[in-house]
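Two complexes, one shared chain (subunit A), two partners (subunit B, subunit C).
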Partner chain A sequence: MKSTSLSDRCIDLFSYTVLTAMALATLLPFANVLSKSVSEEWAVVSGKVGIFPIGFQLDTMQYVITSSQFVRSFAVSAGITAVGTLLSILLTAISAYPLSKRHLPGVGAILVLYIFTMMFNGGIIPNYLLIRSLGLINSLWSLILPVMISVFNLLVIKSYFESLPEALEDSAKMDGARTFTILFRIILPLSGPVIATIALFYAVYFWNDFFNPMLYISDPSLKPLQLYLRDIVMDADSSSAITKSVDDMMNVSGEGVRAATVIASTVPIVLVYPFLQKYFIKGVLIGSVKG
Partner chain B sequence: METTTANVKQQPAHPDFAAKSESKWKLIVKNYEMYVLLLPGLVFLLLFKYTPMYGILIAFQDFNIFDGISGSKWVGLEQFRKLVYSDEFVQVFINTLLISLYKIVLLFPIPIIVALLLNEVKRMLFKRTVQTIIYLPHFLSWVIISGLFINILSPSGGLVNQILQWIGLDPVSFLLDNRYFRSVVVFTAGWKEVGWNAIIFIAAIAGIEQEQYEAAAIDGAGRLKQMWHITLPGILPTIVLVFILRIGHLLDAGTEQILTMYNPVVYQTGDVIGTYVYRVGLGKMDYSFSTAVGLFNSVVGFLLIILGNTLSRKLLKRSIW
Partner chain C sequence: MNKKKWLVLSVAALALTSAACSSKDAGSGAQAPSGGTSAAGNANAPKPQLKSLQIWQKDDYNTYPVAKVLEERTGYKVQYDMLPQDKPQDKLNLLIASAEPYDAITTGGGSDFKALYADYAKKGALTDLTPLIDKFGPNIKASISQATFDAAKVDGKIYAIPTRTIEFGGTSLMIRTDWLEKLNLKMPTTLDEFAQVLKAFKEKDPGGNGDKNAPLTIRGDSPFVENIVGAFGMPNSWNDTGGKLTPRLLDPAYKEYVAFMTDLFKQGLLDKEFSVNKDATMKEKFTSGRAGVIPLHWADVPTVIDALKKNQPDAKYAYIPALKGKDGKMGLSVNGGFDRITFIPKASKHAEDAVKWMNAKLDKDTFKLMAIGEEGKHYTYKDGSYTPILPIFTDERNQANNFLMGVDEKNYPVYWQARVRKDPRLFEAWEYLNVKQPANTRVIDPLAFSPYLAEYSKNNQSLGTMMGEYTVKLIFGAEQISGYDAFVQKYKASGGDASYKEVNDWYATVKK
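Up next is the complex of A and B:
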């Protein structure tokens, strides 16, 4: 029994139109920058490139992804993301587990200590001075250690642990299993989806972080990708050093290089994104319903 | 943990208390492994979260990096006096409030509308495709998004200016013009997060019982009426909750975003508290003053969150913690 009243058809038309427009508006900037990165140099310089490329060349892209600084920064970011995500997941999970046992003395108070840091923090300068006095300036650890636990993620995992049936742990205890065994052999393997979601959030954070590197990293050989990208993107003056040397060297334009660098830095996320989608939707549900 | 046993021995006059502490102590000993698991997190918390709070003291000093906190001169509220009388700070504060309010007024309703519209779409393939596309920008860094828009808004050959010229208008330097900068900030923030922010409302809509729609349909309610009388009231608590949370971040106008977009030409309209603290603190090495600005920011933010949570508890009988 399909109702096809006029107002219903209007709703359909409106929904499909608006949503299609939104999706196109989201894709448009990507299309434009992608086109710029593969268009002929003269077309980019004269500002003629719109949604579709004019001509086709991969010199610019090749120049960007083979530049030694790009490769180095890419490797630095990949390393920070891998190590940071692993350590964060481990630390968050082992902290969330005892926190899910509210009957234990002191656990509630420690939880308050965590939650307080969501609402109040020292601010940029005291953080900077701490990192400085720890001797972590120009060390990649400055990008990992201070952000290892996100309290939001901790709360999501904690509430997931709380939702697991207690009988599981009780029977394991009767078989003589101790806390560590229960956590690593029973609880964590049962927490696949939530761990995957949180891993995704941490990984995206580490990959995208540019604020901390901007504060703590000045050594060019340690610059993560986002910081390198920022140098290029914010370097809007096309006569400046980076882009000028490019112009002289090859038939690629500074603007084309900027476009290609943006695209090359976007590709890793776009590639893994479809595989992660089912996890983050699940994760948001867990986070929003219980968080 | 030792103090607990000490208390027990000192207070034999309260047997109940002693017994309770005794069992507490036993509980701790029995579960000592749980406390071992808590330790690394506690070290992290104390070192990287609470130590910087101690560093806030320099807001009340004339801090000198060579003398440290213990050696620097105390100046009381001098830095805050400077802050209140600084025209620059007042402008930064106004910028922060304006950008943040524009973002709330203009961008808050859109995710709700998107969720409602997506709910009306019955073709799953279309629905999933739209969702996949509009969530994507959330996962990209501000550097990349700013890179995209600096490209598109460029006065020399940017897509938007091509269109402006095509319809006979003069090109505009959006990112170098105080008249347009805030609009660009609000628009790009919407472009990045509006799709993602719809997720929570989509989840809330999914939680509404289907029987309500069936009953309404039998009573002759069209889809517009169903949307108005079932879907919207159904997600109202979520809307209020998200709104209250948003208010808690009123002074956070998007530091990372603006840092990747602005330049000295638009400081007048674009400099917000977060970027100002960075600029004055690390750029001009005025540690004490910018810590005072940061502390002002933290305190107001903290009060707003407390206020929001109290409101939420009163209005929704549900609190965030």
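Up next is the complex of A and C:
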């Protein structure tokens, strides 16, 4: 008895140490960037800023947050994330529902079509040409429409739906409910955890997406935050290159501006996590626990 | 019921795939000559709105004050889009391949973009500007010199308006003069004196850093240190040796240079960790007082000096003059060539108007207004020099350079100095390298105005990296100079020979 509790305690101790170390390892870079964004410029340039800020100031942060391009990009990203997530969840759930009904004829074949798209796609140039001929270049819809249904997410929702007892729907049917009523009034409310999880997946995807905007958006006023951020970070990186135009180098843009931009664009999505986290465990675990 | 569903589905699938295919056709079809210039030249028609694709900048072009000025002066309303900062070449290729109807596309003028530009021109994706400039471009012709145009020609035709860069020496060695004073040393003027100074910095440790002291620190990715390479007669990456242009690796002085740097490293006069230094780490070492000498671009002076003074209020600094090597060799590299180039794709619907627009931008007054603003509001003029009025100059003209499409080559170098006078330390540093140092210390890159050279463009970057890494290894002893010949063979086989031949074939035609 006692020996097991001793080994248990050892394992506990070990887990706590490892977890704490890993938590610190992921937090420290973040703390460093945060400190840089609120430290005075000279301290950043001479590499003195570690975990704690030196010479606290908020000018850099203010400069970043009030920059018109930042504000616009932020709004664009927020808009895409909100609209995209809503539409995606709706479409994914609607598509997943019939696919979860194994008794429907042809479900297997349709599922194969879906899965086919997970493995093959046209490639960048055909995609670009498709988007262009749809008239979506320089339109925010180009960032939402092509990626509205993620097949992986669809499969997750589908198997969650399958895990719900069939008797539930049968009794609803007996009470006179039609398909849509069943889906929206019974199935979806019961699927809170999985919907929340998938919503978070989609939201993070839309928030972090930079590749599609890079391809489809050239109009500066429509640039999402990640694209703006990437430009800023690249700009600071390349400013030392000899080939770069000197006129650009004279802009005061330091590590600090970079750090502040990173913080300002990461914090919002990080803030969403705690509120959705409680659904996470239930949502992702579907299928592993039977009963 | 079920069969119907299947039918609907398959029809939908068919429609989707055919849409994808036809769009592909439309894209490649549009690339073929589709009547680039708007044939209907209605003189009285209202000026069309133009679409211009620009280099990335932090602010939106459309709302930047210069855009408004240009719209008023030229009468053209322009929608500005921009390329991303990251991998702009890829996006540009995509836009050209899909025949996006831009009326003007401005890219950087470096060798990579010159290569793309020549490639597009050869494949017929660009509008030949020669007749258009003759017809609608009197200001363009008056502002841009023949030599500049010649360098921008592809197969004898002008496909782009080149924007000539401002030529200046950029980077040299910055030294802590208070360290020199402490040790009663004079500013070094030759390589030997320089090595003596470094030695004194190491042994007497004027910075009080103990074993963290680094007399000289450099970046790991640029082992050819400005000013020092000049003393070996190799200020640029290609230099004229006996009438031939030779890359540094094949230069007879290469081994001597490496021997000098290896010696510095062995004696501990060169930062032990230099091979992993990034630009930022190098500056950190200087600003925190751990390094006595670093290579520094004059544009970086204000930031670096601010940080240095905060850390060490007594610190003093100055550029080292161009060091003399044996036989009196010396020199600092001066950049040159194109800052950017502007071309009109065949897909443009208003090529003629685009040329008219660029011509209007190069009207003398409009150009000055665009470049530095209004006298009394943005700048003051006294004794032939322009001084900016701050902060309005920075707010309204800082990004003006991104609107340039060709420059008034006679006057712009003078106007431009207004930008350098934004900060006295900046001006002082620029002035030292470009005015106070004797003219013969500044050596213009001989390849600056080369036309597009296919082999050179293809290999230049990879060969440069290869040579840089090898040189770093030599300096810190991971490779021995005895392996030099074997490396040269590898270098030549990886495109070094082809580039050498191509560059010198061209050089023979310009050198008389």
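Going forward, the second predicted complex is superposed on the first by the 251 of 291 C-alpha atoms of A that agree within 3 Å, B and C clash if a C-alpha of one lies under 4 Å from a C-alpha of the other, contacts with A are read in each partner's own complex, and residues count from 1 in each chain.
What we mean here is this: a contact is a pair of C-beta atoms (placed from the backbone, for glycine too) under 8 Å apart; a residue touches a chain by one contact, two chains touch by 3 or more.
Quick caveat, the model's predicted, so the values are computed rather than measured.
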| item | value |
| --- | --- |
| Touching partner for A:41 - first (subunit B), second (subunit C), both, neither | second |
| Partner chain(s) touched by A:158 [first = subunit B, second = subunit C, both, neither] | neither |
| Which superposed partner A:255 touches (first subunit B, second subunit C, both, neither) | both |
| Dominant toucher of subunit A (residue count), subunit B or subunit C | B |
| Which superposed partner A:122 touches (first subunit B, second subunit C, both, neither) | both |
| First (subunit B), second (subunit C), both or neither touched by A:218 | second |
| On subunit A, positions contacted by subunit B and by subunit C | 45-48, 105-106, 110, 113, 122, 124-126, 128-130, 214-215, 230, 232, 234, 255 |
| In the complex with subunit B, residue positions of subunit A that touch it | 3, 5, 7-8, 11-12, 14-16, 18-20, 22-23, 25-30, 32-33, 36, 44-51, 91-92, 94-95, 97-99, 101, 103-107, 110, 113-115, 117, 119-130, 145-149, 178-180, 183, 204, 207-211, 214-215, 226, 229-230, 232-234, 236, 255, 258-259, 261-262, 265-266, 269-270, 273-274, 277, 280-281, 284-285, 288-289 |
| For the subunit B and subunit A complex, residues of the former touching the latter | 24, 27-28, 31, 33-35, 37-38, 40-42, 44-45, 47-56, 58, 65, 114, 117-118, 120-121, 126, 129-130, 132-137, 139-144, 146-152, 154, 156-159, 161-162, 191, 195, 199-200, 203-204, 217, 222-224, 227, 238, 255-256, 259-260, 263, 274, 277-278, 281-282, 287, 290-291, 294-295, 297-298, 301-302, 305-306, 321 |
| Subunit C partner contacts - residues on subunit A that touch it in the complex | 40-43, 45-48, 67-69, 72, 105-106, 110, 113, 122, 124-126, 128-130, 132-133, 137-138, 214-215, 218-221, 227, 230-232, 234-235, 238, 240, 242-243, 245-255 |
| Footprint of subunit A on subunit C - complex, ascending | 2, 5-6, 9, 13, 19-20, 22-24, 26-27, 53, 56-63, 79-86, 91, 94-95, 97-98, 100, 108, 110, 165-166, 168, 170-171, 279-281, 283-284, 287-288, 297, 299-300, 303-304, 306-311, 335, 339-340, 398, 401, 419, 422, 426 |
